[in-house]
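The structure appears right after this line, and notes come after that.
Every chain is named by a letter (A, B, C, D, E and F) in the order it is written, and numbering of its residues begins at 1.
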Amino acid sequence: MSPTRYGAQFGPDVTFLGVPRCDWQDPGSMSGADVVVLGAPFDGGTSHRPGTRFGPQALRTTDYLGHDGSRPSLALRVDGLRDLDVRDAGDVEMPPGDIETSLQRLRGAVAAVARSGAVPVVLGGDHSITYATGRGTADVHGEGRVSMLHFDAHADTGDIEFGSLWGHGQPMRRLIESGALRGDRFLQIGLRGYWPGPETLAWMAERRMRSYEMTEVVDRGLDACLDEAFGIATDGCDGVFLSVDIDVADPGHAPGTGTPEPGGLTARQLLDAVRRICWELPVVGMDVVEVSPPYDHADITAALGNRVVLEAVSAMARRRREAAGETFPSPSAPLLDGR
Amino acid sequence: MSPTRYGAQFGPDVTFLGVPRCDWQDPGSMSGADVVVLGAPFDGGTSHRPGTRFGPQALRTTDYLGHDGSRPSLALRVDGLRDLDVRDAGDVEMPPGDIETSLQRLRGAVAAVARSGAVPVVLGGDHSITYATGRGTADVHGEGRVSMLHFDAHADTGDIEFGSLWGHGQPMRRLIESGALRGDRFLQIGLRGYWPGPETLAWMAERRMRSYEMTEVVDRGLDACLDEAFGIATDGCDGVFLSVDIDVADPGHAPGTGTPEPGGLTARQLLDAVRRICWELPVVGMDVVEVSPPYDHADITAALGNRVVLEAVSAMARRRREAAGETFPSPSAPLLDGR
Amino acid sequence: MSPTRYGAQFGPDVTFLGVPRCDWQDPGSMSGADVVVLGAPFDGGTSHRPGTRFGPQALRTTDYLGHDGSRPSLALRVDGLRDLDVRDAGDVEMPPGDIETSLQRLRGAVAAVARSGAVPVVLGGDHSITYATGRGTADVHGEGRVSMLHFDAHADTGDIEFGSLWGHGQPMRRLIESGALRGDRFLQIGLRGYWPGPETLAWMAERRMRSYEMTEVVDRGLDACLDEAFGIATDGCDGVFLSVDIDVADPGHAPGTGTPEPGGLTARQLLDAVRRICWELPVVGMDVVEVSPPYDHADITAALGNRVVLEAVSAMARRRREAAGETFPSPSAPLLDGR
Amino acid sequence: MSPTRYGAQFGPDVTFLGVPRCDWQDPGSMSGADVVVLGAPFDGGTSHRPGTRFGPQALRTTDYLGHDGSRPSLALRVDGLRDLDVRDAGDVEMPPGDIETSLQRLRGAVAAVARSGAVPVVLGGDHSITYATGRGTADVHGEGRVSMLHFDAHADTGDIEFGSLWGHGQPMRRLIESGALRGDRFLQIGLRGYWPGPETLAWMAERRMRSYEMTEVVDRGLDACLDEAFGIATDGCDGVFLSVDIDVADPGHAPGTGTPEPGGLTARQLLDAVRRICWELPVVGMDVVEVSPPYDHADITAALGNRVVLEAVSAMARRRREAAGETFPSPSAPLLDGR
Amino acid sequence: MSPTRYGAQFGPDVTFLGVPRCDWQDPGSMSGADVVVLGAPFDGGTSHRPGTRFGPQALRTTDYLGHDGSRPSLALRVDGLRDLDVRDAGDVEMPPGDIETSLQRLRGAVAAVARSGAVPVVLGGDHSITYATGRGTADVHGEGRVSMLHFDAHADTGDIEFGSLWGHGQPMRRLIESGALRGDRFLQIGLRGYWPGPETLAWMAERRMRSYEMTEVVDRGLDACLDEAFGIATDGCDGVFLSVDIDVADPGHAPGTGTPEPGGLTARQLLDAVRRICWELPVVGMDVVEVSPPYDHADITAALGNRVVLEAVSAMARRRREAAGETFPSPSAPLLDGR
Amino acid sequence: MSPTRYGAQFGPDVTFLGVPRCDWQDPGSMSGADVVVLGAPFDGGTSHRPGTRFGPQALRTTDYLGHDGSRPSLALRVDGLRDLDVRDAGDVEMPPGDIETSLQRLRGAVAAVARSGAVPVVLGGDHSITYATGRGTADVHGEGRVSMLHFDAHADTGDIEFGSLWGHGQPMRRLIESGALRGDRFLQIGLRGYWPGPETLAWMAERRMRSYEMTEVVDRGLDACLDEAFGIATDGCDGVFLSVDIDVADPGHAPGTGTPEPGGLTARQLLDAVRRICWELPVVGMDVVEVSPPYDHADITAALGNRVVLEAVSAMARRRREAAGETFPSPSAPLLDGR
């Protein structure tokens, strides 16, 4: 292993379900990779319950199956971890008390991965990290060239929090203000509750963001909302970034998070949406954030986050293999058809 | 603050998300209030897991946002805590070992609030308190003038429990027997499981109650059931009392409760139903009961209960503002439309 | 009580919600019984989180109502524990470190119950016990005469686990290989995730099993899948065995289990499916497995498992009474109709 | 079993580690018993965290050994459950919301046991029950004839709580005021913290109570304090009542309790003190209170409470057998000496 | 209340057990106060488990008694909250991701309190805050004029952590390097385990710090170590700062902390040591740190931290009253002597 | 790494605090090692609460410091992981349902390590594994040549459990019966409670075992007992095996275990005893067993077990370096002396 590889900021140095190691500071180690996993063990941006610093470890390891770098998807009939070349670059060192340094380091790491040609899949951490994951992606793919599909109970477009511009309530504002991402290619799904207030919503409207509050999702159906969002996301952009805040799921399905907001998606809905996105759209980067192990009794939130990653990687693999001409049964066909 | 205000029976004296204090024993302190929150920290009526004595504190404080007395609803486009004048009168002192004294005190407090012209919103406590909240409301609005919308897994119409007439399995029977509420304007939604038995059901049928068991809710759809129930509730009554037992939600969404019964509503369904009721009907009183913090890992049940209160208050605010001639987009319109 | 009755392997000797005791080694004690409950406190077969050894105790006692041997079902309008003669034979002694002896003992006990004419309802334990429950049932009803309805996130058709042929990932393969059950009358509902791999799926296809993965369940609807499955299950078989792995439910509804897989059924769906099966089909045996109390915060998984048993027994009672010519309202009729 | 036996107020009807059942309302059923266990599942008197209603069940069953009615003590070389005739009369029905009725019932049950000649061992419940256990004992042994050894962090000599004379902060005052027990034969061990205030302490001093605060216990040593207390307790009294509030132990050893006060005894000290008391003194009654299962992670508080009962019963057995002329090695002799 | 008062960074604005509010930015509001409580809800400095941001709230409220601003100490026979004028200035706003700004703010607040003449009692937060509490105290009392009594499992004298100079492993080094405190008046008690390494220990030795590892504490006895330490602490210094990291207690007594190290003090020892220090020495400032509620099952760590504060304030009160000529019995005298 | 290395049976493949990997099936990989860690993730032998299968992972990783293969002991002034050559061979595959195969495999692995010249340090698992660890050690060092120092609440000398000769209650009997270890060189420390009964104790006495029950430990002092035990252990034996059942510690210090027995050692006592043994005696093998993560809130039991291993390895390192002529200060000398 490259001597520069940092390993794990907290706990032992493990990889996502046993995939091989690489080092984002060593381009050669990423050569040929399709997907590179990065840990962003940072909870210095959270406005309430901390703990997401242990998210990367939990997301990498919460699975009852062997950690053998293979996961054949029943529904999709591909093995995401084998059909694609998936590697794990370990954590980026992110001092919890220094958010600016932390985000700067992560931005660099994400850009390095993207530059290598691999899709960065970043395991948070609180949602403040998306400033860095989005920015680092745009550093490579170009400003305004990547659209955002953002699953969340919260808009994360605030301005100031505890007297700071940087926190898990602000990344989306910072991303749009920086020019990295376009407001009118920013799609938010699952918002609900009592935040933000009118001033921030006005700012969002002005930037022509498109936010699907849960009432709309329930009334129109999630798939109809996704159809519409996919159209916007692919209109004049080259790729899509998928950011999944686990609190988009209802607290019953995802209790282990910092700011749980009742009334969200089911786990099933979330997984199905992630599958569609990574199967139907050109995803160039992804993060999964806000899994907080100290509040995660029986580890069900970490399990869901782990499956979000696997669903995404599996769908990317199917997309890739179908693009190469292979054909498969529909995921809703009888499971054993054609086996 | 008035010298008579009791404050908190357990823990520090805090108000619902930071709204101003008032004192139910001091009518002047409630003058002009639209909604008055009362804590009923009583679990002496529960037949199984206790802990709801800590419900008022949990319902007042379980929210990751600042406790600043403001909550702008994304979906409803109103700020329930600001658009209405909402105050918190603290707890009623309810000795856990003396249910009759406790209910008598609470009945008096609820009546005092209702008399002031405000809507009492009572935070339980176990469901035995609804004898007092319902009775106190009827003391002011008149016997038989208020209908009941009762969300629960259980009918709470039992006769005797542990040799006592008073407990969380009996309040609805006592309310109807007292004449305070009419059996034929008593609507129950979400019942399921294995209680009560035939004798009690016969009593309920005789009183012409209307109880929607979950099979009916699933088969007809919740909205169809609500439509029908709304028609009954407003037939010849002046107002509606809304009683939400958090165990109407499935234990997956509300584990922190005393008598969890699998197979209930989702959190989303419960919130949507509460919204409809407080938006479409003239609600004159409300309670939220059976949130039991000792069993509430990661505080998701308290979070749901807090949102039930906020959803209700927000919908009341929208109802009020619409009645005053304002117009708003539909809650299922795109979130940023018209901002 | 018969001197041979073993009682409880762990903790005090209690019966399912207070039904009378019997002894599977003493046929006379089961004479006239319709249903006999057996505990299979075995977690020596689990590949991940243990704890199901405490499942039988939890399934017998997790209910907030009195343990009085009576449970009148609101929806079905029967009292399963009274309308049928339900007894509890206690646990089978199953040393955790000796899976072969353990399964052999359980097989014998199940066969003894079936031979008495009662329906064995076995409380697991991990899913490895289904080799014994299925085999013991076939020992009496005849090889290939009983079809299987298997609710699970996992196919449990693996070959080797930790170097052993016996574990909770293999029972279904062993059952089919033994000839006890037919592969083409083996219906699996709720599968999802990343196990097993292609080789095992090929084996399943070859045996003409019919497995409904969650994508199919979501797309077609659970009831449509059940309709189809019921047709297969009753084609040329005399009876049906129902095996419910609690992890078929989403981890939000069933966190206390060994191998939670996100994206499953709701508790409501599971209960409704169990009701249909035991009402519409000739169920000759049943097990409920994989409830693991150490991971079951607030006991909601045990509560669900307890209700799965009650739903099944209630539906069997209604089936029996309807077969005897009684008529009842539909479960989705208004609850108080005809009371 | 006698038809009057109540069984269990909560959960299944189990006996203390499997000893035989009896019925306190049926004197014949207690005939010949040395010890009768009674459950007092009441938490309506607690001023803070509830849950002790589940104490009797937890104290009866929290043991990893078989529930076979036998417990040979390694140290004392007797089998308390076999050398004495120990039976379990089940719970007394105590409605949580009616403390006066509840205590009255318990007082009657304790007196009935004492009248039978057996030592009542009462499993609480919160400490309010000691008014009933002490009073019921005095009803039989005579007012002022029984001294009290009271282990607790709190004096429990308050006057009014939540406007009520009855609660877990007052039983000792009520007992002395009633004349049942003498203030100057009331020994309290382990007090600490910040309650009660000067007025109550003055009342205690006036009644000539003797209270050992933890500073005195630490400075003089627990055994020296016990020596002194034993002298007082046996001066002019015929018997001793032992009341153990589990919160006398440090919260590290007993977290599962309602009002934990840091700085208490170790579990070892508590067990050794209980052993001395029941070995050296004529104990005529006992209670173990304030074990609260909802707060008892890993069940260590219930395990300690169970061992307090066993230590007491074992020491009573050794006292009895030594009184009958048997000789034994010292408990601190090498374990295998003379086996 | 002053308009500048910040209130609470997380959750509702409550004061320490109900003492009156003040505002550190408004000197008038602190005029005449003896003790001012400050919350430092910062966990951005922790190197492992976070959660101490919720420490101030937990330390202020974890007490089963009424929150009435009064706590008469049984042992010390004073009421610290009444005999002294104790006020609570609320939290200092400390953005978790910006440690330098956070510590700067806290330093200013502590200095403001000290300047007012009151003793600052700071509720952490992780131990990084002691750089600010120590520095702020020295800003007023003079560099090198205050000695340090530091209870901890860890020396907290590291140099770099996650690439940052600021964290909970470094405050003591920074304090000494800054000149605020003298290394040779820095007394550490309770160190153990495997940190720091030789280089850091050499730095400590060079600064002539005096660190009592647990082996020394056990072998010589805690009181002998304290006697020696008191002599050093008062040699040429005007006052003493007491910093209590709750992890100095054994994890059995204080599980809810970030970096638990087995083999520590008992809760009893810690309380007795704090009593001695605040009774015998001129304490001019204090902090209690590293209480982490997310890991604090049954709240026993918060309870211990709350009692550490109360023990300190009670002892300060007794010191003050004795200095004024009052006499009291010894804390180890019989509790009721002279009442 | 050797292709035969098994890695981890559960979860990711990590080593004890980051020490290098080796493979017990490849002698070359152990060449030169002083200590080889082996995981025995087996809980198929436990008679009550399972979960110790996750013990090896927890013992390897529960530490807040970096996993860097270095742990300088403050007290002992050595770095056990660096001064000795410590490697980790990963887990032995132990199917939970097949105890005989499992123990046979482990015995082989332990013997292979011992044969290499390294000290095997085995991380359990339940205590049944000590049959294999003891037997494997004797296979190399010779029957009867190794004495046993056994810390435990339980004698583990039972005969039959759940109808099986193999379980965590029997290993010590099996070891002695096999001839591998001598009964009269078998020293047990910390026994207490109510198991085993007279018959088993008679068997133990007959084999001339020496068992220190807690009463003896308290009365004589732990060090006096150890002094005596050390004399016996080294009388005519070549080496000592140290088996630490974590339940020898009081449940307050070690709640996360299968069969907690109140009244045990403090964590401090246990660590000090382990230090003495590995410093003063020729330890040739060691195991740490019965850490059960599912019951280990806040991970304090795993932390204690991790420190037991580190204390042992540190003391071995100091013993080695002193044997080589180095001198060190006493562990109770001031920490900074001579740094």
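Things worth noting here:
Everything below uses one rule, namely that contacts are C-beta pairs under 8 Å (C-beta built on N, C-alpha and C of every residue); 3 or more make two chains touch, one makes a residue touch a chain.
Computed from a predicted structure; not experimentally measured.
Where touching is counted per the definition, the chains common to subunit A and subunit F are C, E. In terms of the distance between Cα centroids, subunit D is separated most widely from A. The greatest centre-to-centre gap from subunit E, using C-alpha centroids, is found for C. Computed centre separation for the pair subunit D/subunit F is 38 angstrom, with centres defined by C-alpha atoms. For subunit C, residues that reach two or more other chains under the stated contact definition are 48-49, 250, 252-253, 266, 295, 297. Under the touch rule stated earlier, the contacting chain pairs are A-B, A-C, A-E, A-F, B-C, B-D, B-E, C-D, C-F, D-E, D-F, E-F. Contacts from subunit D toward subunit B in the complex involve residues 9-10, 43-46, 48-51, 53-54, 93-102, 128, 161-164, 166-167, 294-295.
Considering their complex, residues 64-65, 70-75, 79, 250, 252-254, 266-268, 271-272, 297-300, 303-304, 307, 310, 331-336, 339 of subunit F touch subunit E.
The part of subunit D that touches subunit E in the complex is made up of residues 47-49, 191-198, 201-202, 204-205, 209-216, 218-220, 250-253, 255-256, 258-264, 266, 295-297. On the side of subunit F, the complex with subunit A involves touching residues 8, 11-15, 18, 60-61, 67.
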